[in-house]
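Note that subunit A is present in both complexes that follow, paired respectively with subunit B and with subunit C.
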Partner chain A sequence: MNASEFFLNLDRRWIFLVIGLVVLLPIVRPFDLPGIKPTDQSKNYFDTMNAVPEGTKILISADFDPGSKPELYPMLEATLRHAFKKKLRIVVMTLWLTGIGMVEKAIKDNVAYAKDHFGVEPQEGKDYVFIGWKTGGSAVVIGMGVNILEMFSQDNYGKPLAEHPIMAGVKSLKDFKIVVSLSAGTPGFKEWVQYGVQKNNLTFVGGCTGIIIPEAYPYLQAGQMKGVLGGMKGAAEYEKLLNIPGTATGGMVALSLAQFMIILLVAACNIIYIASGRWRKP
Partner chain B sequence: MTFLEILGIWFATAMTLFILSFLYKDNPFYKLAENIFVGVTLGYSVVGAIWKTIYPEWVVPLFSSDVGIWRKGFLLIPGVLGILALARIIPKLNWLSRPAFAFVMGWGAGVAIPTAVDAFVLKHTSKTVSAILPGGEFTFGAVFTAFSNLLIVVIVLCVLVYFFFSIEHRGPIRVASRLGVLFLMVAFGIAYGNTVMGRMALLYNRFFELKQNASGESYFATPILVLVTVLGLIVHEVWIKPRPPGTEDVQLEKPPEGAST
Partner chain C sequence: MFVKRTLPMLVAFGVGFAFALQYYLPFSFSEDALSATSKWYSIIASFALLLGIVSVIQSHARKIQTQSVGWGYSLVLFFAFASMVMMGAFSAGNAETPPGVKGPIYGTSYGWLYNNAMIPLQTTMFATLAFYVASAAFRAFRAKTFGAFLLLFFAVVMLFGKASLGVTLWDESIGTIHASLQLDRIIEWLMGTLNMSARRAILIGVALGMIATSLKIIFGIERTYLGGKGE
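So, the complex of A and B:
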């Protein structure tokens, strides 16, 4: 067996092992790579959030499940930190049932973070509220465009939503200055654009997993989304703009190494394949 | 850390390792984790739908004295439709589910089609086409935007031509069709690259949590469970793994010298 046959018949588990080690390396021995440069769409997300004055009410819809946690949870954390730092008033919800636990944890952790790092003490009900999940996807968005309190009569913990001071003066989606959707698929940013943004003329920004980010660009170009964060890279760019490094910034080293290794493997396989002369055979 | 939190960490670590063990080969640990995942997801969804929607939004108002008779009447409609939809699982009565599905499809089409045309077709088309010949200042940015929008129009047309089989792909149609394939390949390449990035992010996240769970605070969940998984796989491979009849290792006799192979 010559070298090209050896590589072309290599057990793929060796490749899994190499990729695993490459991803593990920066976790075991952390190191930095050259800086993250934010793209225009990430800057637009940041600028939209940054432009609103203190006390403004915003809606964050965390439309993802644990399967998309590595990419979207850092975006949720960074968005909450940004909002708490700017003393915005936040209503948080999810269109994904399996997102409830993550949203609860993100709020709890970042309320504590805001106390420690920004010197603010966000109060539940006054500065933020988690209204939870409701089945229906697009129907929920349509319903919220008409009357939020009819759609969500209680918060996530069973307390009547109307009793929270933050909901005073909030009737529909139009009463939020910004709507944010961190989306892993359906229901997600498309439902928000189709049934929320278009109908209610909302200022809308979003975050998506890397897989669906190409689908978001037409909405960005059409002005239906003001800014968008794409995958872990987008989350790391937002953390960079906020100047608060989080898990996405750390993850980008591993992701860059893994991507580099995959490109190397694809190139090596093609070179070996061409060199072997197999491509000439019918 | 409470006992339940530690139990959760050990469970999450074990499930991660069991699922990753599939990279070696299919095995009982992987099967166990896979079945638990499916069961928990289904159970969680059903319980969530009952306690977060059906109970507070349907059962409570239906039996509440504060809710008027008209509203209760309206509440009965989705309840009846929901029960009819369940008739799908009984073969003799599955025709009863048709009104429920017809309602859902009719509502969906009525709500989705007008908004989809406006949000996805008209808005995107108008923004793309209007920017091909931009008004105002003649700047590099404006020219670049016009060029990229023109490119979008050309790419869309080429891809549509590739899927248009009513005429033979010859001459200029063939050129456009071939370009369409190339643009599709570029799109698939981008999608593949993004998918790989997403999967790597998942792997990073699991490794990151495995490292966190390796500390004394988590009672060394990761190293202990790695050891258990590896030993389990060895035991399964060497002693337990069942072999179907007729697949025992057979020592082949050496062919006689000079015989053709």
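So, the complex of A and C:
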């Protein structure tokens, strides 16, 4: 076997080793890479959140599970930080059962972050509330478009939702200035757009994993989504716009290096493939 | 015959017709009906969850009973399942101590298990995809034909666009030739024009298919949901 044959039939374990080393490098020896440049979609997400005045009520639906945590959890954290910094009033929920624990942690950590960094003390029930999870996906969105308190009679901890001051004057989705869905699949932003946004004329922004971002484009062009954060890159861009570096900014180094290594491997493979004259053979 | 076939078809016709009409009726009784049925749907969906749990238990119990290949993993499943249920019940399903209640700073015991077992396990499973994607890209992206070359070219452009380092390198080199060659503009065109036209066609096709199937169910033409051969 000559060198070109060896490379073209490279054992995949060598590729696994190279990718593993490349991802490990920035973890063992942290370093920065050239800047993150926010796209128009990330700017639109940021601008929509930034445009609303203090005290505005918004709804955040964290529709993901631990499998998508590296991409979507930084978006949730950055969105909560942005909202707390602007003193918005937040209702948080999830359409994914396995997402509840992450949402609880994100709220707890970022309430503490807001106290330490923005000098605000968000009060549970008055400034934010976590209403938990409800099974049904699209049916939950439809139900919330009619009456939220009928769909969620209690918050995540069993306290009647109507007793929270933040819910005063909130009947349906129409009473939120912005609805946000951070989505890893179904149910997610598609259900929100199809069953919530159009019927209730909502201002809607979303975030999603890198793999499903193409699905968001029809809704973006139709104006049903005002902006979208795509994958870890989108989260890092939002962190940059907020000027609050988080885990996505750090993760982009490992992601960039791994993607570059894939580009290099593919390029090398094609150069050797063409140089060996195989592409001419039928 | 009436209970098994005619009655379900009448229910499907009545409910299907009523809720197709409901969308266009801006009255309170119409909204109330929608709210009520959304709750019914949630209740039915929670039974599906229960059904899933029973099915998993039955399937893995059978594996242990017959000691088929990999039955040890089924034991691990039962142990993990029981641990999460017990800890969940003990912590009232909360991963963190409820606001305003004094408790351990690290959260509840269920939260500890969730944060230190479930999250790392699920993220690890997802992260292994990176290795398989790299290996698959290495083998699949070979310019054997013109079509394969196009796939390779656009895949590399997208890869550049999804890495901040790639964006910087592209914009500092190719992007300096003309503003329209900036990477974010190229990506936006690829996603907003090429990808979108195909995706919209699929979406419209799926929507038309859903409408056609719904009408067939409402009018009793499609009867396979009743079981049997659909006759």
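Just so we're on the same page, the second predicted complex is superposed on the first by the 276 of 282 C-alpha atoms of A that agree within 3 Å, B and C clash if a C-alpha of one lies under 4 Å from a C-alpha of the other, contacts with A are read in each partner's own complex, and residues count from 1 in each chain.
Convention: a residue touches a chain if its C-beta (ideal position, glycine included) is under 8 Å from a C-beta of that chain, and two chains touch if they have at least 3 such contacts.
Nothing here was measured: the structure is a model prediction, and the numbers come from that model.
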Exercise for the section: Check whether A:Lys134 is in contact with subunit B, with subunit C, with both or with neither, and answer first, second, both or neither. Expected result: both
Practice task
Using the touch definition from the top, say if A:Thr56 reaches subunit B (first), subunit C (second), both or neither.
Solution key: neither
Problem - Contacts of A:Ser153 with subunit B and subunit C, given as first, second, both or neither - result: first
Handout entry: First (subunit B), second (subunit C), both or neither touched by A:Thr203
Key = neither
Practice task
In the overlay, answer first, second, both or neither for which of subunit B and subunit C A:Lys233 touches.
Solution key: both
Exercise for the section: Please work out whether A:Ile142 is in contact with subunit B alone, subunit C alone, both, or neither, and reply first, second, both or neither. Expected result: both
Exercise for the section: Specify the partner with more touching residues on subunit A, choosing between subunit B and subunit C. Expected result: C
Practice task
Look at A:Tyr273 in the shared chain and tell me whether it touches subunit B only, subunit C only, both, or neither; answer first, second, both or neither.
Solution key: second
Handout entry: Which of subunit B and subunit C A:Leu24 touches, first, second, both or neither
Key = first
Exercise for the section: Give one of first, second, both or neither to describe whether A:Thr186 is in contact with subunit B, with subunit C, with both, or with none. Expected result: neither
Exercise for the section: Jot down the residues of subunit A that show up as touching in both complexes, subunit B in one and subunit C in the other. Expected result: 16, 19-20, 23, 67-70, 97-98, 100, 134-135, 142, 158, 199, 210, 213-214, 218, 221, 231, 233, 255, 258-259, 262
Handout entry: Footprint of subunit A on subunit B - complex, ascending
Key = 23-24, 41, 44-45, 48-49, 52-53, 56-57, 111-112, 115-116, 118-120, 123-124, 127-128, 187, 190-191, 193-198, 200-205, 207-208, 211
Handout entry: Residues of subunit C defined as touching subunit A within the complex
Key = 23, 31-32, 34-35, 37-39, 41-42, 45-46, 49, 92-96, 98-100, 107, 110-111, 114-115, 118-119, 121-123, 125-127, 130-131, 133-135, 137-138, 141-144, 152, 155-156, 159-160, 162-169, 171, 184, 187-188, 191-192, 195-196, 199-200, 203
Fill in the blank from the handout: The subunit A residues in contact with subunit C across the complex are 10, 12, 15-16, 18-20, 23, 33-37, 39-40, 65-70, 97-98, 100-102, 104-105, 108, 124-125, 134-137, 139-140, 142-143, 146-147, 150-151, 156-158, 199, 210, 213-215, 217-218, 220-221, 231, 233, 236, 252, 255-263, 265-267, 269-270, 273-274, 279
Exercise for the section: Could you pull out which subunit A residues touch subunit B in their complex? Expected result: 13, 16, 19-20, 23-24, 27-28, 67-71, 97-98, 100, 132-135, 138, 142, 153-154, 158, 193-195, 197-199, 209-211, 213-214, 218-219, 221-224, 231-233, 247, 250-251, 254-255, 258-259, 262
